[in-house]
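This is the structure I want to talk about, given as structure tokens.
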Amino acid sequence: VPARAQAQDPVTVFAAASLRGALDDIARTYPAPVVVSYGGSGTMARQIALGAPADLVILASPDWMDWLRDQGALADRKRVDLLRNRLVLIGPAGARPLPNPDAAALLDALQGGRLAMGQRAAVPAGIYARAWLAGIGAWDALAPHLAETDNVRAALALVARGEATLGVVYATDAAADTSVDVLWTVPEDRHPPIVYPAAALSDAGDAFLRHLGMTDARDTFEQHGFLPIEPAR
Amino acid sequence: MTLDAASWDALTLSLWVSVWATVLAVPLALWIAWLLARRDFWGKSALNALVHLPLVLPPVVTGYLLLLSFGRTGPIGRLLEQTFGLVLSFRWTGAVLAALVMGFPLMVRAMRLAIEAVDPRLEDAAATLGAPRWAVFARVTLPLIAPGVLAGAVMGFAKAMGEFGATITFVANIPGQTQTLPSAIYTFLQIPGGEAQAIALVLWACVVALGAVVMSEWLARRVARRIAGS
Amino acid sequence: MTLDAASWDALTLSLWVSVWATVLAVPLALWIAWLLARRDFWGKSALNALVHLPLVLPPVVTGYLLLLSFGRTGPIGRLLEQTFGLVLSFRWTGAVLAALVMGFPLMVRAMRLAIEAVDPRLEDAAATLGAPRWAVFARVTLPLIAPGVLAGAVMGFAKAMGEFGATITFVANIPGQTQTLPSAIYTFLQIPGGEAQAIALVLWACVVALGAVVMSEWLARRVARRIAGS
Amino acid sequence: MTLSVHLRHRHGDFTLDVAFDSGPGITALFGRSGAGKTSVINAVSGLLHPDEGRVAVDGDTLLDTARGIDLPPHRRRLGYVFQDARLFPHLDVARNLDFGARYAPPGAKGPARGDVIDLLGLSGLMARAPATLSGGEKQRVAIGRALLSRPAMLLMDEPLASLDAPRKQDILPYLERLRDGPLGLPILYVSHALDEVARLADHLVVIQEGRMRMQGLLYDVLSDPAAVPLLGVREAGAVIAATVVAHADDGLSTLSISAGHLELPGVQAAPGTRLRLRILAQDVILSRDRPAGLSSRNILPVAIAAIHSGDGPGAAIALRAGSDRLLARVTSRAVTDLGLRVGMECFAIFKATTVAPGSIGR
Amino acid sequence: MTLSVHLRHRHGDFTLDVAFDSGPGITALFGRSGAGKTSVINAVSGLLHPDEGRVAVDGDTLLDTARGIDLPPHRRRLGYVFQDARLFPHLDVARNLDFGARYAPPGAKGPARGDVIDLLGLSGLMARAPATLSGGEKQRVAIGRALLSRPAMLLMDEPLASLDAPRKQDILPYLERLRDGPLGLPILYVSHALDEVARLADHLVVIQEGRMRMQGLLYDVLSDPAAVPLLGVREAGAVIAATVVAHADDGLSTLSISAGHLELPGVQAAPGTRLRLRILAQDVILSRDRPAGLSSRNILPVAIAAIHSGDGPGAAIALRAGSDRLLARVTSRAVTDLGLRVGMECFAIFKATTVAPGSIGR
């Protein structure tokens, strides 16, 4: 294999794809080598259940972490909620803010276009978006106007390219893209908490998880727009 | 293997999209295959490379490129909308385009191999009997490459039934409009405990696409038997 | 188009995996293609359908099926580990398997079309000259189908370079071990501002795979010219 | 009808350099294997694009590299019977036969479908796939296919090589009828069998190693002593003109030639018809005196015009018989024993049956 | 060497039903187009699997459907020259020729490579691709390829049909030498050209519409009046045995036959050699009295054994010449005029030159 020689066994982390920027930065400062395999939460959960050589897993969906626990894949290892994220409504750059919209306001702002978001049942961001829209009684009206994607980034791209008029994505995604503007940040109580649960699967993973809870790491996450959760010690 | 209404929609939509993609792609693929097999022209290598592109690129990238060029704001997309009123993004038509593009290299290759295997001396013979070039193609080349065309069409159809990445990136996943079978399968796979429904859909996909494979084999065998004369 | 170390790793790994997948798949595909083209046996339709399966199924499903059967806990995976000490899941070897499986239908089709185009009377002639069956294959059939084998190999290679869904599902996306070019592209597309690096990787993928396409064309043309005698 | 062909072309080491002009009727292209016959016919048909050349049929220029004219094959209206039959494998015999019919111009004349099928014995094969035909059957279908495309001219590349003698004897007269009938179909005929050529051709073009060596009217070329080495000694012989006088009840016909009368069996033509007889040099016996009591009924008084002794044991004797020339091949020993010399008068004997039907033509 | 072939096979409407046993040397399979010749040879080679049948060469059973034996073609060691040359298009001429050499069993005898190349005139073609060869050149390479695989027997399907007369005259004696030389190579030879057959064959099998109609030693079949309709009247003639006596300086050789002596040109064999002469019925002239002053040097006293008058204008006269039989074909009118009748003694005249080299064999 044309892989560079590793001084010592690296820590292998399976992490939700949206964590890439922050996690890569943190991994660089960790004294031991770290490799991170990014992917979709469902896929990774299955891989872990089928024996993937992960020391630590960080998912974007508590449901899948629950599933992993039910599968017995976590054994008696510790599970923590590592990060939070926010859901935002976005539009093309320069669009007027749309605070606290209801169904009518959203339909109006769509102007016959579509609202891009993650798949309502499959992608965590889609699940949260649906919860918000259902909560404000707008789901049924908006359902015919959705463009659902297999990951949030694709939803963001649809808005950025002007294909979709509005989108619902994570704040972390919206922050970095200049071709979209955040029209409104959905209050956290309008949807189940957006948390990134993590579970160590080995002692090495445990150590790295502890590192993620340290101040430097938390700062890095914050720089990327995530909201660290105080580790329950 | 009973399906809920949404899955049923996804199945029929996938069939519809795949049939359209196949029907539209076959003549075009045939033409390109013929050009690549029989003509020499400037830019042939580039055309050949372009045809292979969807094979080389991760499907998501292909979908993204489609979005850039055939989306409402993309150059071709805008042109299509202005001149023919044809909108591709978020429509089943876009799913057809994605499936067509992804299956195209497979079709062209199969047809090209078939064309290259035709003895040009038979085409010469047809010309001496007075047949103009298009008639030579229609009455000699085409029947002789029928098995290859069929093979290409079936591969394109099968690919269209299984296409996921480019489709969802280009036209998203709108139930009843762009949610094809693979999108539906993917959705189920992302839900803890969704495997059972995913498996039902996978089985349906297999039944349809493999049915097409088996039927095409049977047709190709008939053609071959006629040529062998038994 | 300069790449960071991880991207460079992904590029070399993809090359390595694609070459291995191609080299391993060609003989097997050739054998299956020959069986399908020239033999009649019980279960032929089933074999044919099985070969087409990876085309029909969404790649993620194929990857998942690979994980279930070739994973450490899967029946075949366990067997391989116990008998040969060969572990596939989450290793580059698994990426080879995924790429091989996904490219297999393309290879088999191209080779089968080529074999079907060989005039069996030439094989008969070789047999009357004393050549046993394997020698007929090696000295007559194989050289005559060389362009088809090459076409199949190149399609398989290109597909291997672009394979994403099955690979990431079966062996995940571990940098330096299983992160292939498409996985790296995917990862870049997942973070804000990653497009530039993604594009650089896409360009590299194109260069490598299309280079292979062009080279194979050139080789095939040489073979054809030799047969035409000019 | 005139056919004018001027070609220059190189394939590898081989150079083709041929020029001939021929009149109406059948033009034969004769030459050894590899002489370039197929190359010439391919260039005429438009399948080979020669480096340089001009091909014109009846004044219509089909090819003229100097003027940049090169009609595609389908616009040349030349029915081509290939050396290898080249039947369409996906069509049955009937569909192969009918392939070209629809491309003929509306008023084009051509032989009737039924006649062609009968002549070639194809009626039992109509539903068969080409792959199931024998070598000769394939070639017969190929001939029919070319005929039924109603061409303005027929190109035939060794069309009868794979056919048995009786079948050849059926087809040759039919080709003659196509040439002579209302169609007046000209034919460019490639062959290495001089008996076919002698029977059919009006015009003969002999090529050797890519170069045209002789061309002209068949009569002239065949009686030219210079042609003997090109054609081969065993094939040497004169072709003379004869007129049918009468048919007797016992099947013998009387024909008049300039030197007298001949009796031949199996002549089909009506009295008054002019025929062509080929008398091979090796079939002629010379006698100093008029012999009696011979089964041979054809004895002509002749004068020896020339004696060519070769290196072999034989000698070629050119004879004048009336206004015709005959050739005889005898042993040198016979020349000595009989005291043959130029100017001597003697008798030429040849059996009536020795003039094969295949050598009688119009 | 013995070859024993018993076959029964149906393709569609066509039924093949052939059985023959032949001795050493060359066995010719003669029949019209579509008679089933290629089918027989394919079954012998192992390429056609007949419904029922048995094929044995020299006692080795190659095929026996009853006993479930069916050797694959590559284990039969039969060099097959196909009707269509079937050269390997991806190999140049040299590699085509050498294809089979490596599969011959270590000690297998066969002609030298250089000899084969020279004989067939292939030396200039060695680096050429088959697609660039002319029809005749392809066939020559195919013959060479089969010979160089050192087969135990040669199967030839109309191998010379696409060759010109001089080339045929080169190859025929070579085949005879292969048969007679140290190799003693037996040949199963398909042809519709009776002159080739008469020259080469030891054994003749005549098939018609899939059925075997006659078989036996060439001498017997050709002089059997029943064969005349099968072979065609123009091809009828006797084959007689002769012994070379001496060669004269002028190129004529004296041969003795049972009825006397003949003088023939161009005989290559050493004195004492036994040769075969074919004398076509149509080349024989009968004379009541011994004629004098003729250029023809071969005049034999004969007795009329039988007179067969057909429906045509000719009559076949069976003659006894010493212990040999000759056939003559004359007109019915000559029979009347000369008063020919059974038992009558007369003279048969035929020109020395009329016995073609192609009709002299061992």
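Quick notes on this structure:
By written order: A, B, C, D and E. Residues from 1 in each chain.
What we mean here is this: a contact is a pair of C-beta atoms (placed from the backbone, for glycine too) under 8 Å apart; a residue touches a chain by one contact, two chains touch by 3 or more.
Small disclaimer: the values here were computed from a predicted structure and weren't measured.
Under the contact definition stated at the top, the chains bordering both subunit B and subunit E are C, D.
The leading chain pair by number of C-beta pairs in contact is D-E.
Most remote chain with respect to subunit D, judged by CA-atom centres, is A.
Taking the mean of the C-alpha atoms as each chain's centre, subunit B and subunit D sit 57 Å apart. If each chain is reduced to the centroid of its CA atoms, subunit A and subunit D end up 90 Å from each other.
Averaging C-alpha coordinates per chain places the centre of subunit C 60 Å away from that of subunit D.
Residues of subunit E in contact with two or more other chains: 84, 128, 132. Residue positions of subunit B touching 2 or more other chains: 60, 64, 186, 189. Within subunit A, residues 43 each touch two or more of the remaining chains.
Contacts between chains, counted with the stated touch criterion, involve the pairs A-B, A-C, B-C, B-D, C-E, D-E.
Of all residues in subunit B, only 45, 48-49, 52-53, 55-61, 64, 105-106, 109-110, 112-114, 116-117, 147-148, 151, 155, 158-159, 161-165, 181-182, 185-186, 189, 198, 202, 205-206, 209-210, 213-214, 217, 224 touch subunit C in the complex they form.
Subunit B contributes residues 60, 64, 67-68, 71-74, 89-90, 168-169, 172-174, 183, 186-193 to its touches with subunit A in the complex. On the subunit E side of its complex with subunit C, the touching residues are 45-47, 72-74, 76-80, 82, 84, 86, 88-91, 99-100, 103-104, 128-132, 145-146, 149, 151, 155. Taken together, the subunit A residues at the contact with subunit B in this complex read 40-43, 45, 63-64, 66-67, 114, 116, 119, 121-123, 146-150, 154-155, 157-158, 161-164. Listing the residues of subunit E that touch subunit D in their complex gives 11-13, 31-34, 37-38, 83-84, 124, 128, 132, 134-137, 140, 157-158, 161-167, 192-194, 232, 234-235, 248, 250-252, 263, 265-266, 282-283, 285-289, 291-297, 312-314, 328-334, 338, 340, 349, 351-354, 356.
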